[in-house]
Each structure stands twice: as structure tokens, then as C-alpha cells.
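Note that subunit A is present in both complexes that follow, paired respectively with subunit B and with subunit C.
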Partner chain A sequence: MRIAVCVRETLYPGVPYEVNTETGVAEQKEPCPVYWLPTHDRCALEEAVRIREALGNSEVIAFTVAPTRASDSLYRCLAMGADRVVHVVDEEPDTSTSRVVAMILGEVLKKVCCDLVLCGDCSFDAGACQVPQHLAALLDVPQVTRVLDVQMLPGQKRLKVVRKLERGNRETVECSLPAVVAVDSALNEPRYVSLHACYRAVRARGSDYEVDADTARSVGSEHRNLRVARFIPPRPPVKKMVMPDMKASAADRLKFILSGSSAEKMSDLLDGTTDEVVRQLIGILQREGFILTQKS
Partner chain B sequence: MDTPSREIFWSIHYGWVVYLLAGAATLILIVAVLRRLRLWLAGRKDDTFTDIRRNTREFVRIAIVDGLAHKRILSDPYPGIMHALLFWGALLLLLASVADGISHYLIEFLRGNTYLAFSFLADLGGVMMLVGVGMAVYRRYVKKPDRLDSIASDSITLGLIFVVLVTGFLLEGARMIAAEAPAAWARWSFLGYGFSRAFAGSSMIGWYQGLWWFHAVLVAVTIGYVALAFPRLIHIFVAPLAVLLRAGGKRGALETIELQEVERPGFATISDFHFRDLVALDACMECGRCQEACPACSAEKPLNPRKVIQDIRARMVKEDMLLARDGMSTVGQDLVALHVGEEEIWECTTCGACRNICPVYVEHVDMLVGLRRSLVEHGQVFGSLARSLEGMCLLGNPWSEPQSQRSDWMYNLDVKLPEEAKASSLLYWVGCSGCYDPKGEEIARSMVNILNTADIDYFVLGFDEVCCGDPARRAGDEGLFQHLARKNIDTLHKYGVICVLTHCPHCYNTFRNEYPDLGGSFRVVHHTEFILQLILDGRLEVRDLKQRVAFHDPCYLGRWNGIVDQPREILNKISGLSLIEPPHNRERTFCCGGGGGQMWIEGAPGKRVNRVRFEEFSSTGIQIIVTACPFCKIMLDDASSTAGAGGSEIRVRDIAEII
Partner chain C sequence: MDFNYLFSPLKIGPVTVPNRVVFPAHMTMFSRDGMPSDRLCYYYAERAKGGAGLIVTEIAAVHPTTQKYPECVRAYDERCIPGYSKMVKLVHDYGGKAFVQLAHSGARMSSEDSLLPLWAPSTVISPIANEIPHEMDNYDIADLLEGYAVSARNAGRAGFDGVEIHAAHEYLLGSFMSPLTNKRTDQYGGTLENRLRLASEVIVRIRENFGRDFTLGLRINGDDLLDGGLEPDDAREIAAAMASKGQIDYISVSAGTSFNTHMNVPPMYVPLGAYSALAANVREAVSIPVVAVGRINDPVQAEKILAEGQADMVAMARALICDPEWVNKTKQGRIEDIRKCIACNEGCIGRLFKTRSISCVQNPTVGLEHEISMDSINPAATRKKIVVVGGGPAGMEASRVAAMRGHRVILYEKQDRLGGQILLAAKAPYRLEFGDIARFLTAQVEKLGIQVRLGKEVELDDIKEQNPDVVIVATGSVPLDAQFPGADEEIVVNYWQVLNEEVPIGEKIVLVDDTGHYQAYGTAEFLANRGKKVEIVTSSLSAGAALDLTNIIPIYERLLPKGVVITPITKLRRVSGKDVLVYNVFTGEERKIENVDNVVTAIGNRADTQLFYALKQSGERVHAIGDCLAPRNALRAIRDGHLLARDL
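Moving on to the complex of A and B:
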């Protein structure tokens, strides 16, 4: 069985950034931009590796459509357990729409013949959630989105997956292979990759790293029509100020304002096993009126 | 028979058989130890023999202080005295046998008063051992402390020693009656004489001969038993070897791995352990001191250092049995870490209480970190810790805060950055906690105020600083540690830093003990040393503080680096302050629960270590806990603010904040 995993590195979300109002491109204020493989994509790769570990005799290939700088993330994929990575170099990612990315991926995937394509269901930056759908349409295979659980059915030609619906509802569907499966970040806990493992991949696994320099240029150029007309930054959130207690002394009030603290925080530490802690927490939430007790 | 003396093999026929017995028993023992040696040699041997040569002097020191004088062992009174009685008693008996042999075969010197002294000391040795055995039996089978696991071999060992001793004395008594030894000098062998009085009047020659052979055979059986069953008693032979291999080891530094050469760092299989680690596993006789000292264990967490060592040992023995049966090693089959238990491995705060108290110098922390390294290589990292490590990898600090906000703490403060202080070679290393954590920032700001007040020429790196790498190394990600460390060493070399001042004991330990391996040798000063020097030089005046204060020794300052007097001297300079010592202090401090990456591990079972420590403090009736480590401050402050509803009145301060 051959499993393809589509990944794309994005700017690390934990770092403050500003969006250029002219181009709509996010820019980080760090000394150099910090990129990472988003959780969704890592979950997809982790699931692929787990399927391979369970089935044996399978191959996991990671694909990306990204500029040359993304190579670090691809080596990370190798360290995580991908057998091979394919780097489709696209030096103008800001002009490509989801459609273009899907077309490029489709072109590459058609050559490889995969039994299962795993993607993260939503990118961390644009958040359009479209590539998997486009890709499935282009490959003419079924697609399932927001997947929380993947099970290979015996015989290996069918798949049973659990989908995430609104308000905690779940749906179990079966689909035939090949298929495109877009996974949710709650699917699994991706394994930790040490820096040493990444270096080792860089050192020793150059032969598993394929660069595809042409496909991005030849495919979908007519669809490269994404232009940001205008970008409106969000209004800064209203900052709540709590007035100091007027009964306190002037010095205390001054201290209060300077420290920026709100009123005396209520603190309590819940101790015990997970079960006990959860029970105590529910008790507090009910007492404070955050959740209502169900009346039968 | 005018001069007191004793004839060896008196009225014993075929006495030479005893040498056959002893020889056979010794041979079995040697074979057993050699066989074990083969197993130990499966471990890595790099540097072992150069280390032995280099460490001989230190070994001799330890052999005298901790071996003969029992310093470490006596730190725990009851078992300490028990062991000392057994050890010194056995030593006296051993010397007596040697003297006997010399006197019989070489130079006859055991005559007259020398003989009387000899027989008195030999009896004294026996009595000491008897008392020791009694204490051991009482402790093991009556008091039954938690830290002791009693197995069959313990009873057998104690029983054998007891019977050997008692038959020895009975034999002596029987000989006195049979040989009609004059009471004037038989009295010197006081216990044997006592027995002889009890049986006086009967002819004991038959008894004497029977007992003689029984005693001799039993001694041989005991040695054979020790060789074949490898009970805890084997530590007589293995412990000195383990100590020899450990002596002179670097304190506070974990092993630096040449990552270019090693495929998978960490102790994944038994053969990944060092030779010295494997010897130490066999030297462990499960005295349980580590278990009592361990903060995680005291907080009812699953980690138990004694069990960890025994688990690894069990794995080693199993490997040995497979080796013997199949003739091939099963190395590489599964992780030792899984045998020990992942949960246990991630509970360790690396505080070093266990290795510091271990009488046979087992390095629990090194082994646990080695196991962590193997887990990290297999992608198995405790969830919340994985996110912190990722933050360190991407952003250079375990708080996962952006590097661009690293200088935010300096707001409104006159801090000298490298551009302004070209001439200075003194760097104030702020560390991640000083830059990102509000409680750490307070320390950094106080420290800058102190430096400015004392008019010191210094500078701060600001954006060029990244984490020193301590949490990464202790969490087992050696690659990440070396990456960060090399980055820092390059930066420091670029600015021509000679001396590094820091308020964080973790940074201090890393800079002082671990960076030299990677090519970064700097003079490292902790702020307690620095502030004390400023006060002594009269460059800094201390405020008055009328409070009851206790000092919490940070593990990485007090235990790992031995800085315990400086902070106390500073506190004693503050007038009005009364210093109260908590039960665990100085080198025997109790961890705050924040070291070894524990700061970022959430939701572990059991009580919280910081709470256990805080309760210890609150029972002493103090008003302020002073510490010298941002991690300790954060952990103890957390415990203080969550103690009971609404928090406790006890405040937690860094030493820099109260000057």
C-alpha cells in the first residue's frame, strides 16, 4: 500500500506578525521568520506512519508545494518516518490559489499512484480548507473531511473513518480506496522529532529527497490569479480595565494600576486523580453558574 | 603453656581439608564474578580505564572517608550504625584471620600480651557483628520500613552470618574447656569465655571437633551461596569496584554525546549503558536511601529511584540468561525504558538527591536521562513537554515566547546592551526565566538595580541570548541542547565574554560544568557569590528586614555545585532578619519540583512536589521563603498562592529582591 501525505509549512503562529496591507502577506517581527509544520499536517503524517507500522509492506511519501526554504520541514517529515519526500518547488506561493496547489499536487500524485492520500483538513495561515476537495475532484476519487479516526478494513481496499460534525456529533463513514482523507488535529498525538533526528535525516537521507522543479511552473498558471485588493487589519481588542477599590489607600491604588492586575484572583488548586479533579471542576462551574445542571 | 597463645588445628585431624573447602568456595566466587564481568563488559567501556588511573587519588579518599570511616553511610543513623558494626566487626575478624595465618606459617608473633589483645579484638569484632545482625533483623523483620523489600535471600544471608558467628563463639568456648585453658587469659576472649563457663565441667572435645568442622563447612557454604545466588551481600566485592569507577566523575555535568558519531543517543539497550553503570547496578543493595530522599517518591508519584535501578538490573540479568541459553545477545529487541516505565522516567526532577545519598555512588540521574534520550529518539515525549521542546527548537526558549520579546523585561530600566558596553567582559546572563516569566523578570530587574547601584561594568545580550539548553538536555534532547549551547558559545566568543554572571542555577550549572565540553570555557559566577562579594567590598549596602526567613537551597546551586554558605552569609548580613533552617537544607535540600523539565510537565499523578516542599516550610512558621533560583521561586510561589483557599501569607522572594 502506498500512502501519500500532503504537507505545507506555515509561519509559526506563536510569534507576533503583521499583515502587509498592500500585499496581504503576513510578516513576522522575529530576527528571521519562524516556520513550522502545522499540527494538522503532522497528524496526517503520523497517521500514515502508524498505518504503515500496522500493515507493514507499505510506503509513506510526503508531498509539498512550497518554496525552496521548506526543505527543513521535509527533512523533519523524513525524521518522523516518511519513506520518501517530494518537494514540488513553487517560488511564488503567494499568488497560488487552493485550486492551483491542488492541480499541481494532482499532477504529481497521478504519476505516483497512491492508495490513500492524507492531508491536514485546514491550513494554518489561509485556512481555506479547499485543497483536499479540489484534489479529490481532480483525481476523481472519494474524499472525507474532518476525520477523527481512520481504520483500515480487512482486505485493505476499504476504509472506515469517523468524521467530526457540529456540536460534538460524530459520523462514521466507509469509503473505497483510493481516497483523499482530510484529518482533524485531534486525530492523534504526533510523535516528537528530536533535532538530532532531523540532522540525521539531512546527513543520511538525501537520496530519499526528490525535488520536482518543473510541475509547479507548467501546471495551473492560468489559475494563478490571486491578488489581494485590500487588507483590513482587525480592530484591536478592547482592553478591559478594572477600577481599583476606592476604599484602598492611594499607594495601594497606584500599585494596583501599575501592576495592571485585576481584583484579587480567586485561586484554588484541585488535587487528586483526574477523575476527582474533573468532578471538583464541574462542581465549581455549576456553583458559579457557568454550566447548568441538567434536569431529568 | 606459660605464655598465652593458641595452637591452630589443635586436635583436628586432616585440617588441610579446610583449605580445599576454602579454595573451592573462592574458586566458585571468582568464576561467578568473572561471569558477571563478562556481562558488565557488554556495556560501553570508553574512557573507563583512563578514568580509573586519573581517579585513583579520589578513590583512595572515598575509600577512607566513606569506606573506612563510613561518612555517607552513617548519615542515616540506625542503618548506618548497623552497617558500621557489621563492617568494622568483619574487618576485625578478617585482620584476625590474616594475623593468625601469618603467625602460624611465617613469624610467630601472637604470644603473650599480643595474643591477648588479638583474642580480645577478634571477639570484639564478632560481638560487633552479632549486634549488627541483631539490629538488621530487628529493622528488616520488626520495624519493616517502607524502603526495604525483604526477599528470601535476605533471610538466608542473615541466617548464615548469624550461625557462622554463633558457632564460632561456641567453638571457642568448647576449645577452652577441652584444652583447659587458664581462665586468667581466656577471659580476654570474653564471649567465648562466657560460653565456656556455661558448659564448664563436661568434656567438650567431641563437641569441639564437630563444631570446628561444621563452622568451617558453613563458611565455605556461605561464600558459595554468595557466588551462586548473587544476593545483596555481593556488594562487598562489587561496591568498591563501582565506587572506583565513579570516583572523580564530573559533578553537575551530563555526558556529552558526539552526535556525529552516534546513530541513536541514549540507553536503548543494556549494551548502551556504560560499563560503570552496569557495575553500579549490581552494587545496589536496595538500601532505599534514594527512595527516601527522592522528592517525586515523597510526593507519592510512581517514580522510585531504587525500583528504577532494580528494573534495569533485572533487565540486565534477563539479558544475561538469554545470552547463556541462546549464545547470542538479544540486544536491540526493545527499549529498556519501556521495561522501567515511561511515567517513572518523566517524573524525575534531576535534583540529584538520590545520587548524592547513594552509599555506592550509583548515578540515577545519568541513567534516567540516558533512558529519556532513548525515548526522545523514539519520539515518545510527555505531551506538554514536547511542546516546550518544540518552542525551544523554533524560538530558543521553553516558554515558546517570541525571541523579539526577549528584551521586554528591560522596559524603563537602565540596562547596558552590548553596543553600549564594548569594554566590558562581564556578561549578565538573564536566562529565559528572567526574560519571559513575570516572577523571573522581578529577579532580573532587581539584579540590574543592584549592578547599577554598585556601579559595575557589565552588559546584557538582549536579543542575542537563547536558552542555555538545560531543560532540553535534562529532557533528553541532546541534539537540541548542543545546538543551543553552540549558538550561545559563539555569541559569547563574539562579544569577548570572560566572565558570566547569572541568577539562574540551571544556567550556572550548564555554563560552568557542561559548556567546557563543547568548547566554551568561561568564568561563571552565580549572583549569590557576586552579591556577597559586593557586600564584603562595601560596594553594596543591605536593607533591614525584620522578618523570619528560611532559605530554600536550589538543587542546582546547593547540591550540584556546593554553593550553600554564600546565600546564608548574605542573609546574616541583613539586620533584623532571623534565619530559620527547614528540615531539608544545604546539600540535602528538597527539590521545588521544577527541575529536569518538570516545569513543563502537567497533569502528572500524585501530589505536587512544590506543595510538599511548601508545607515543610509553612510548618516552620516563617514569613518569607528566600531562594536563589527563578524556577524555585515560581514553583514555591505557585504552591504558596494555591495553599488552601485564597493562598498563604508566606511570600517567596529571590535573594536579589530582598537586598
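Moving on to the complex of A and C:
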């Protein structure tokens, strides 16, 4: 069985970033941008490797549509257990919308003939959650998303998957292969890859690391037609707050501001001799129910 | 904590500011002869270095009739361009943006310096100078517009990123907007559209003359807080009308006029963030960024204002005067290291009212940035052992700076906590925030690893034992003993005894005031709040002789309704038994106040110099600072300590 895993590295969110006010794109300036392979993608790769280990006689190929710098993530994929990686070089990632990425992947995957395509449900940066759907449409295969559990049905080319629905509900779906399965990050615990393993992958670089420089360019520029027209920073709506009564007099508005916007105070200042004040106090306490009157 | 909104950049017009913190326009009187000076340039550079995203420089005069001080920069004179260029370059170097505030003060200034008539829409007298202004005619208006045009051109050539037009606080354009001050019947008065006409024309002229792309902002009042003036609903209409023409890029919302000038720079008794509601009110009506101002001094508070949509930017003048590194410290997560503005107004606006350049009670380097900026506290050449006696503001500041310079500091304080007279001052009603000085200094003293010995009244021998290289004596002062006849009567107590609640106090009080400061008025309010009947007797012409308007007006506002009687031009003759004899300073007429339960004296302090002179005579290298040198106030005490420690 041939399993394709689609991955894409993004900016690592643990490093402080700034949003460019012209383009709305997150940028890491100091000291340099830091990239990582997001959890969803790792889960997808982990699942593929596990299926291969269970079935035997299978091949796991990792694909990425990304600029040249993404090679590091691919070595990590090799270290995690992929048999081969294909780096589809796309030097214009900013104009590659979900559809464009899916088109490029579709072109590549059509030539490869996989039985199963695994990918992450959602990307960490744009979070559009559209690539699996576009890809499935282009490959003309079924798609299942938000997957929490994958089981190969023995002896058949079918999968049984558990999907995440809203409010904690789950749905079990049976799906024939080939199919596109988009996994949630709760699917599994991706295996830990030691630095040594990554080194080994880099040193062993050979025919298992393939670079495809043409497919991305073959997707015409008429498809890369999404442009940022305007970026508007978050403008929180005015939260309801205690404001001075606009109809009150200036003196009252001033008093309101000076009192820390507290509502009209209703307080009594008790006056008179000590006896009188005490009598008034007892009356108040009785009225408010703090003390009970004794009835003889 | 994540300050997501505070540190997100914002595009206002064509300019992108790196964060939401604005150092808004405020008079400093640092310029010289109507031109921006080095002193002014480095003052702004310090705040840009400290991280402020946007600096709006102090008002620049657009016409000779608005020369409120000789130091007011003349934007209409092109000789201001080199000074301004230097200022802009410094701010840009530190990553900030620089706008200039162009303004005409109208009638809310004194003409003592310009000796020209005040210009106003109508002849309504402003209490600022009690002068009758000249009602502007069309020739004056044309002249004014030309002034704005020339100023804008100069600002453009100087390299500013933008301009802010001042139409708040009843400055000229604001006084045209308000029906209280604008009684005109021509096209500049009457309907709202007419009253906004001048501001609109000014905007058009500035846009035509600046010379390149820039950001234009407008400062308006969210509320005049005055009957007959602009109300919050009016502010919404004005903001919507001015913003709808697409000519302005942001609106800054303040409050108050010259008739309630203490609300322009709200003092301590005004709650934090008092005007944010007014900014929110305006923000609902417009879609351009809105700037909130007024008693904002805390990062969490600022973030909340932004997150709750009350404003898009927060303007903090006094907070950044007090701690220029406010933004940097917030970014680094060192919020407890921020020296917060207490809005005492004594160092900043208080000095402006006395026509002096500004300073700050807590930050003595204000105005001296070109010589001793915050990051010029350099390590000392030789590490010394310094004993500081007295944990009040002077002693703590000296210890703090000395420790920052690498000295080994031991601080003695005879009370069981640090703070000195700051803690006493904080006991007066509405003065609790004054105690923040002690909070900051105490926290810094602990952080810097200064050895503190509390509860110990130190003697000469204790110090000799320590074998210090330098001794700093900051033993402060104590209340003067009254000298009038009957001062030893049982009913006579001093204000320390009252605030520290050391003695029982009766009902009818006569308070003798020679200080003109909160020693008297804070104590009077302390007593009035406890239901006492207080009469303040002072030989000054009015209450609060040592205070500025922003503090005097609230004193009257709060004390009079509580039944406190303020009797000026009156001195105490003698006390006998429970009778107090006072006399009028001018006529000599006497008056007997009978059945007085207590006479509280607030007649000043005397320095506690005993230890200082003992040390000096014994040959130690010793310095006296703060009240120990001469009983004055917290500003001088902190300044003494700071400057001394820089030199050790």
C-alpha cells in the first residue's frame, strides 16, 4: 500500500512575532524566523508510519509544497520514518492559497497513484482547513476530515474512521480507498525523533529526497489571484461600560466621573444625640432583618 | 501577561506606529526663545528610547497672538526647522513616530508675554488670565489660516510624520466649537456646522501645505464638564462630522475647559482612566482610530482599555514623564519596576502654572536628559560602602541609585517600615496614591539587595562600627513646636499627631496653616471626614498657597461641602484654655473662637540634624539630603538623593 502524507512547515508560534500592517502577514524579525512542522502534520505522518508498520509491505511518501528552506522539515519526516520525501518547490508561498496548493499537490499525486492520502486538518498559520477538500475533489476521491481514529478494515480496501463533531460528539464513518483523510492533532502522539536520527537522515540524503521544481510553476498565475486589498487590525467593538448619564447636568457628570463611575450612592448620615442615632441604627438593622424583634 | 493590543502596530493614515502608546502633547517650557532646544529634543528622545510608539510634541504656536510663554515654539517661523528636524531624527532613530501639535490658545492664556490681544470667537472672559479677548473678524481668521498654512509647511520640511490639531480644552478651535464661548452670528457661529467651519478650514489649509503624505489628527473634548458647554452627545456629533469628510486620520479625546482647568490634567483624586468612557463614546461614532487620555498609568489598565474597545491608542503624558522606560519595562515583563505616576501634579503642571519648566516629583532627570538620562547611571569607578540613615524618599532614592552604580549600601530606618513622611502624606483622604512613591522605592531597595535595618534608631557608634566610606544622612524633619502664647496648652497638637492618630481629637477644631500645602488641608479633610467641625486659619490670601490650581480647586470642592471653614488673612494670637484668639492680618481686628476642643498646628517642620553634625564633627565623610538638609517636599528630597548618589 502506498500512503502519501502532505505536510507543510509554518512559523513556530512560540517565538514572538509581529503582524505586518501592510500585508497582515505574521513576521518574526528577531533574531530570525523559526519554522517547525506543526502537530497536525506530524500526527498525519505518524499515522502513516503506524499503518505501514501494521500492514507491512507499504510505502510512506511525504510531500510538501514549500520554498527551498523547508528541507529541514522533510529531513525530519525521513527521520520519523517516511520512506521517501518529495519537495515540490514553490518560491511564492504568499500567493499560494489553499486551492493553489491543492492543485499542485493534485498534479503531483496523480502521477504517484496512492491508496491513501493523509494530511493535517488545518494549517497553523492561515487555518483555512481547505486543502484536503480541494485535493479530494481534484483527485476525485472521497474525503474525511477532523479524524480522531483510523482503523484499516482487514482484508478490504476500506477504512473505519472516527470523526469529531461539535460539542464533543463523534461520528464513525467507513470509507473506501483511495481517499483523502485529514487528521486532527488528537489522533495520536507523534514519535519523538532524536537529533541523531535527523542527522542520519541528512547524511543519508540520496534518492529518497526528491526535488520537484516544475510542478508549482505549471500552476498558472491566473490561479494565484488572491491579493491582500487591505489589512484592518482588530478593532474591538466598544464594550458596554458604565458611562455618565449624558442627559445629567455637567456638575452631576463631573460627580459621576469623580466617584469612579459608581452608581448613585444612597446613604443616610444619621444625625442627633447618641441616643437618637442608636435608636435610628436599631431601626435600620431591624428593618433590614439583621436583628429580630423580641415579641413578648 | 500578554499585552497583545498594547504592542500591536497600528496604521494611522499613511503612518504605522509600532505600538499603541502615545506620549501626547504637553507644555514643557524646555524650548528656548521660541525655538526647539537640545533640552526639548532629548526629552522626547528619552521617551522614544523608552519605547513610546508615537510622540506628539508640545504645542507649537501658529500665530504671534498665541505666544503664551517666550518658550512656546514658533512654528510659523521657519527658523524652527533645524531644531525640529533634529527632534524628529532622534525620535525616528529610536523607532518612534513624531507628530507636531499645532495650536492657537485663543483666550485661554495670558497675554503677558505676547502683549498682543487675545483672540477668541466672542468676548467671553476666560478665568485663566481674566482678560477680555478680541473678537476675531474675517481678516483675523484669514491671518490665522495663513499662520496654520505656514506652520504646516515648516512642519513638513522639518520631517514630522504628522500633525495634531488642538481643538480641546477650549483652545481657539475648541472655543469656536463650544456654544459657551462662541456667540457669533456670522458663518462661524450658531449651528454646529458653522461652529466647526473654522476647524474644517484649518484642516484643509494644513493638508494643502504640508507638502507630502502625512497623518492629521484632531484633539477634541469628549465633555466640557461645564453647563452650557459641549456635552458627550455633542462630542459624538462633532467627531462624526469631522471624520466624515475623510480629512482627519485620528481623534484624541480629552475633557475640561479653562473654566474647570483642574480637569484638563486630572489630579490624584480623579479616578484612574476617568475619561476612557468619553473616548469610548466618541469611538462608537467614528471608524478612525481614537486616542484615550486621562489618568492612565498602568499597563494592565491600558491593555484593558484597548481590549474593551474604549480606544485604539492610549495617551500617557505624566506616566511617561515619571518613567520614560514605561513601555520597555512592560515589554520586558518588569511591570513591578515601573515607577507609576501618582498624579500629584506638583512637579509637572504645578510648575507650569508658576511659569516654570516641568519636572517630576519622582523623576529628577526630567528636563536634564541631555545631561543625565535614565540609562546614564553608570557603574562607579570604585565600589564604596555607603551607610544611609533614614528610609524616607531621599534616603531610599539615594540608596537605589547608589546600589545601581555598584556600591554596597546599608540603609537604616528607625520605623518598622520604609517610607518616611510619604506614608504620612498618604494618610490624608484622596492622597493614598501618594504612597506609591514608597511602594516603588521600597520594592527597588529590596530588589537591588540593599541591606535594610528597620526599627533601629542608629547612633554615631553604630555607624563608626560599620566603617563606611560615605555616610548619607536623610533623617528628615519633625513638626515645628508652636511658639504662640498658649502653645503648651493641652488642646494644642500638631498635624503628625492627628494623622498618626496618636492623640484623641475632640469635635471643634481650629487648624493653623502656615504651609499652604496638604500638611494642613489633608489633615483638615482627615478630620472633617470623621465628622469634626474644622476651621482653617491661615495668614495667606487663600487656601493652598503652596499648591497649584489643579490641587487647590479640588480642596475647595471637597472641604467646603464638608463644613470646613477656611479663614484666610488671619493669624493666631494666643490659646488659653479652650479659647482661641485670632486676628485679621490687615485690620488687626480680633476674634475669639470659644470652646475649641483642639488646635492643630501645621506650621512647618524643622530638620533633624543631630546625627548629621555629630558625624561631621567626628570626621566622617557625610552628606545631608532631603528634609534633613532643609524641610521642603518630596520632589526636592528625591532629587537630592538621586543627584548625590550619581556623584558618589
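We adopt the following convention: the second predicted complex is superposed on the first by the 230 of 296 C-alpha atoms of A that agree within 3 Å, B and C clash if a C-alpha of one lies under 4 Å from a C-alpha of the other, contacts with A are read in each partner's own complex, and residues count from 1 in each chain.
Here is the rule we use: a contact is a pair of C-beta atoms (placed from the backbone, for glycine too) under 8 Å apart; a residue touches a chain by one contact, two chains touch by 3 or more.
Just so it is clear, the structure is predicted and the values come from calculations on it, not from any experiment.
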{"item": "Subunit B versus subunit C as contact partner of A:111, first or second or both or neither", "value": "neither"}
{"item": "Touching partner for A:258 - first (subunit B), second (subunit C), both, neither", "value": "second"}
{"item": "First (subunit B), second (subunit C), both or neither touched by A:235", "value": "second"}
{"item": "Which superposed partner A:195 touches (first subunit B, second subunit C, both, neither)", "value": "first"}
{"item": "Which superposed partner A:14 touches (first subunit B, second subunit C, both, neither)", "value": "first"}
{"item": "Contacts of A:244 with subunit B and subunit C, given as first, second, both or neither", "value": "second"}
{"item": "Parts of subunit B lying in touch with subunit A, wherever the complex brings them together", "value": "259, 263, 265, 376-381, 383, 386, 389-391, 393-395, 400-405, 463, 477-480, 483, 603, 605, 607-608, 611, 641-643, 645-647"}
{"item": "Of all residues in subunit A, those that touch subunit B in their complex", "value": "12, 14-16, 29-31, 34, 36, 80, 189, 191-200, 264, 266-269, 271, 273-274"}
{"item": "Residue ranges of subunit C in contact with subunit A within the complex", "value": "5, 8-11, 16, 223-227, 229, 231-233, 260, 263, 269-271, 274-277, 280-281, 283-284, 287, 306-310, 312"}
{"item": "Residue ranges of subunit A touching subunit C (in the complex, touch as defined)", "value": "18-19, 21-22, 231, 233-239, 241-244, 246, 249-251, 253-254, 257-261"}
